[in-house]
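Two complexes come next, and they have one chain in common, chain A, joined by chain B in the first and chain C in the second.
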Partner chain A sequence: MTLPTTETRSTHLLTRRSWLAIRHRGNALTLAAVIALGVLVLVAILAPVIAPYDPNQVSLIDALQPPSAAHLLGTDEAGRDVLSRVIWGARISLLGPLGVVLGSTLIGVTVGVLSAWRGGWVDATASRFVEILFAFPGVLLAILIVAVFGPGLASTVVALAVAYIPYMARTTRSVALAERQTPYIRALELQGMSAWRITSLHLVPNIAPFVLAQATLCFGYAMIDLAGLSFLGFGVQPPEADWGAMVAAGQAALIQGSPAPALAPGAVIVIAVVSFSLLGEGIAERVRRTSA
Partner chain B sequence: MSAWLLPLARRVGSLALVLLATSFIVFGAMYLAPGSPESFLVRGNSVTQETLQAIRDQYHLDEPFLSQYVLWLGGVVQGDFGLSIQFRQPVSELIASRVPTTALLVGYAAVLILVVGVLVGVLAAVKRGGVDGTAIVVSTVAMATPSFVVAMALTSLFAVTLGWFPAFGAGEGFGDRLWHLTLPAVALALSSAALVLRTTRTSMIGALGKEYVETARVRGFSSSRVVWGQAFRGGIVPVVTLAGLVISGLLVTTTIVETVFGLNGIGSLLVQAVNVKDFPVVQAVILIIVAVFVLSNLVVDLLYPVLEPRARAKGGAR
Partner chain C sequence: MSILTVDGLSKSYDHGRVQAVTDVSFELAQGGTLGVVGESGSGKTTLSRLITGIEQPDSGRIVVAGTELEARTSRRARHERAGIMQMVFQDPYQSLDPRQTPEEAIDEIITLHGGLRGAARTARRREVLDQVDLPERARRALPRDLSGGQRQRVAIARALAASPRLLLLDEATSALDVSVQAQILRLLARIRADTGVAIVFVSHDLEVVRSITEELIVMFRGEVVESGETSRVLRDPQHPYTRLLLSSVPRPGWDPDQVSRDRRTFLRQLA
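So, the complex of A and B:
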């Protein structure tokens, strides 16, 4: 019979050791994520150089070939090279979420800093606005916008950028509130420096790591949401295709027993999103440790 | 009791405000479109002069903007979403015929999320080691996998290669329906189950280290009684809050999953309505999903003091 106390002590030891292991593993994982994302960005930039075929070259005799030396990931229902399409698709698949994150970060940080700095009715109004937007799921807002303005990359990116504002605004507001109370900001205020200069030259640069961590996490979610909207046919329109649209186009071939045209772009989405969330967690962890 | 009632009243008030704002966005969106509202409403659909007049009447387009909104909202509150432009049939009937499929699908997925997420989460927290490591890796990947990618992988393996489950359709009769809805439910549930697993694990690890759990252990309670009788009661509270959020959020993802598997539910109705430019249906489905989403958040908030005795003692304040 084991004594409960020894058991608990050993679990404590175990947790401490595994926590250290996780910290090391955490660094290795963050590094792996950075490498994976670096490769994806390079692939997107170098698409014209590294893609073995023209991604839109239709060749019906070559339709639905299994993976081979000539076509590493096979061909799709129109005989287009799947690998080349995945490589070219990296461009829109990365630029779309980038647009969402840049837009929501710009507005979200402005709203968050403004509410933290001004407080009072500005804060109350902004908080209500954020609360209402929170209740409106991003994909639904995007579908509403598509229903009004028609499908396209621009509609979905703008709609998701608006829908993601709350995530950026809330994080920014809470860290900016804490930063506002710090002695150096008070000192600058006493010296008579203008609110605009304090916030833009000191406060925002100081909270930037928190914002970066949140924005990186949002990048992954935005990629899932945008790919889903493209999958439904609401995002980027043919002949251009991001990975989401490619998965949708591959469904018919998958039912006929050729899964590569749908599963290859799907797998790349998963790799990208895992990398963004690991990187986001890694940055958040580092920020927590240095600020603690 | 009044200390509990006041925050409740505030919550209901803010809920009403959110719903009012949502309805305004959903109604006002029509005016953002280029051209007049009636040309927007009928675009792409060939309509007779009577239908055009019916649409004008439906949206009270002869009234000023604000009375249009108030009249429309008055109908919506009574469950009257007007007529579908495509089918010339009440939108409420159209939606009602689609509700059973979506309800069964979401219910099925919710059971999967709770059973798999909570059980594996508790197991990972108790066993640690290899079980825990595997659970973390699998859940990290699962959380990053969009529902349509899960759907494709499941279809390829279980419908095309193995032939165990159908790739399309909702089936007839309860057993057959469950069989048809299995792959869609897994596709819908996977990433949420992973999130619930993670939260359960973290929360249970915290609860297992608490003093009262330690006391139970020292008093010689069996380990299953320590885990399920003591730690679980405290550890489950954050999971309930999260589960309420993710399960109501599934309604949004049904747009994708129902479309992939050819199911006639609310989600695929919304997608079809956007494609055939049937705006009254779009408005109604979006409003209903947001309302369900917001209401379930309220229910979870109300459940919180029931589940968490300390919050009740503090008068429901969090």
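So, the complex of A and C:
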């Protein structure tokens, strides 16, 4: 009788330990992502203090210098300090996606909640609108908008915000739909509370963690898309420091044997995007675990 | 005057293919208690959803405190009705906002219905939470830190905060374990004695209904098969379905196989 008990116990311990290990690793990755993003935000805020040079200071004599003590990441084709430009670039490169995510979240959550709450023709209309947006490639939409309003950060941010609405709206609708069926929402409805009050004070706060997870994931994607649009020349215009635009400008130097002007901003983009993905997954996982 | 009159109520789903409630009529006096019993699928949940206005009947009337429920209700009508009739749901784990403490939840309802603020609201909140015996510590805790019984007390308090004259409880004790169930039933009996609120208690549990209601209707396949005084119906059931329900209650010397045989016989006779 004792033998099977010890056996089950040991397997139980094993599964418990491996589960802990997985959980621990997930936490460590999320923590690393938070630290990386914290550093990037700090760098963006402190850019004027920590950047060793003026990011737009052109000095053709110093063009394409390899990394040295004076220029830790070397200089670009116009002789500007690459490190200073990466540091200053953090501002636009983080603000751009933030604008995209804020815009798309605001509209997407409104559409999603409205859809889930009202149902019927409101839901049908909103869902078709979301599907049409889905079917339309986001970057193509952005290029169209840029073609109409001209290139620049503002028009690309607006364009991508529109393109990201369906991602936020779809997630919001599905979680709001489930939340709407819960007895506590029903109870508040039976109390005669207004739909506006129930959704804004009860439903939305309760689905906020799901929305946050999705928004964080979108932040990473928006960063790639904005960098891509800058790379193509639609987004941030030279000489403004932006990581995507820097990668584009650094292409020529790359061929000439100076990889730093393109690779440095490229590497930071990768770090930022991966961090946002990990953080988004981390939040989503946490939400799943607490709501399970 | 009766607090609740249900007259010829019918509701079907799936374009008439599923008849959930058929021609149900009953009346509940002010301050009275009515039990609605039946097995799963008997239509008792549909009946409670119709009474609260979550669903609209195909035909029939529901009159609450002299006012007939309209088919398409405005928020104002719902708000007015909420001041008369309140509901407590089965699942105590889902019937509270997970982000609200009991105090916040009660405050919200008091403000919504009474318009009370400040000290008057605090006093009313205390009164309502005292009424359901919620421990002081639990009043500022989030629902996840409350037990099932405590949550159901909060749900009852939330219903009482609107000072209703009719309380509809849909399987309100079914998710609780037996000792907690007894506490909640005692609590309801006391609240009724104190406030004179009328109670409709929907349940599959005959013992629970026996302990709390004076009148009883027995539902089977959407129809009322028997009704009357609870003690009389349970002591001397006239309808074979009521007898079957009673024989299904586990007790010493109880034979589940006999119940299954009785059930088959009953259904065969019906067909």
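Here is the rule we use: the second predicted complex is superposed on the first by the 272 of 292 C-alpha atoms of A that agree within 3 Å, B and C clash if a C-alpha of one lies under 4 Å from a C-alpha of the other, contacts with A are read in each partner's own complex, and residues count from 1 in each chain.
Here is the rule we go by: a residue touches a chain if its C-beta (ideal position, glycine included) is under 8 Å from a C-beta of that chain, and two chains touch if they have at least 3 such contacts.
Small disclaimer: the values here were computed from a predicted structure and weren't measured.
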Next on the checklist: According to the stated criteria, A:127 is in contact with first (chain B), second (chain C), both, or neither; which is it?
Outcome noted: neither
Checklist entry - What is the contact status of A:110 with respect to chain B (first) and chain C (second): first, second, both, or neither? => result neither
Next on the checklist: With both complexes superposed on chain A, which partner does A:262 reach: first (chain B), second (chain C), both or neither?
Outcome noted: first
Next on the checklist: Contacts for A:59 in the overlay, against chain B (first) and chain C (second): which applies, first, second, both or neither?
Outcome noted: neither
Checklist entry - Just chain B (first), just chain C (second), both, or neither: which does A:183 touch? => result second
Checklist entry - Should A:191 be classified as contacting the first partner (chain B), the second (chain C), both, or neither? => result second
Next on the checklist: For a test of understanding, state which residues of chain B touch chain A in their complex under the given definition.
Outcome noted: 14, 17-18, 21-22, 25-26, 29-30, 32-33, 40, 128, 140-141, 143-149, 152-153, 155-156, 159-161, 167, 205, 214, 217-218, 220, 249, 252-253, 255-256, 259-260, 270-271, 273-275, 277, 279, 282, 286, 289-290, 293-294, 297
Checklist outcome for this item: The residues of chain A that touch chain C in their complex are 182-184, 186-195, 202, 205-206
Item to check | Touch list for chain C against partner chain A, complex | outcome: 52-54, 75-76, 78-83, 86-87, 89-91, 94-100, 109, 112-113, 155, 158, 162
Checklist entry - Given the complex with chain B, which residues does chain A contribute to the contact? => result 4-5, 7-8, 11, 14-15, 18, 128, 131-132, 135-137, 139-140, 143-149, 220, 224, 227-228, 231-234, 244, 247-248, 250-251, 254-255, 257, 259, 262-263, 266-267, 269-270, 273-274, 277-278
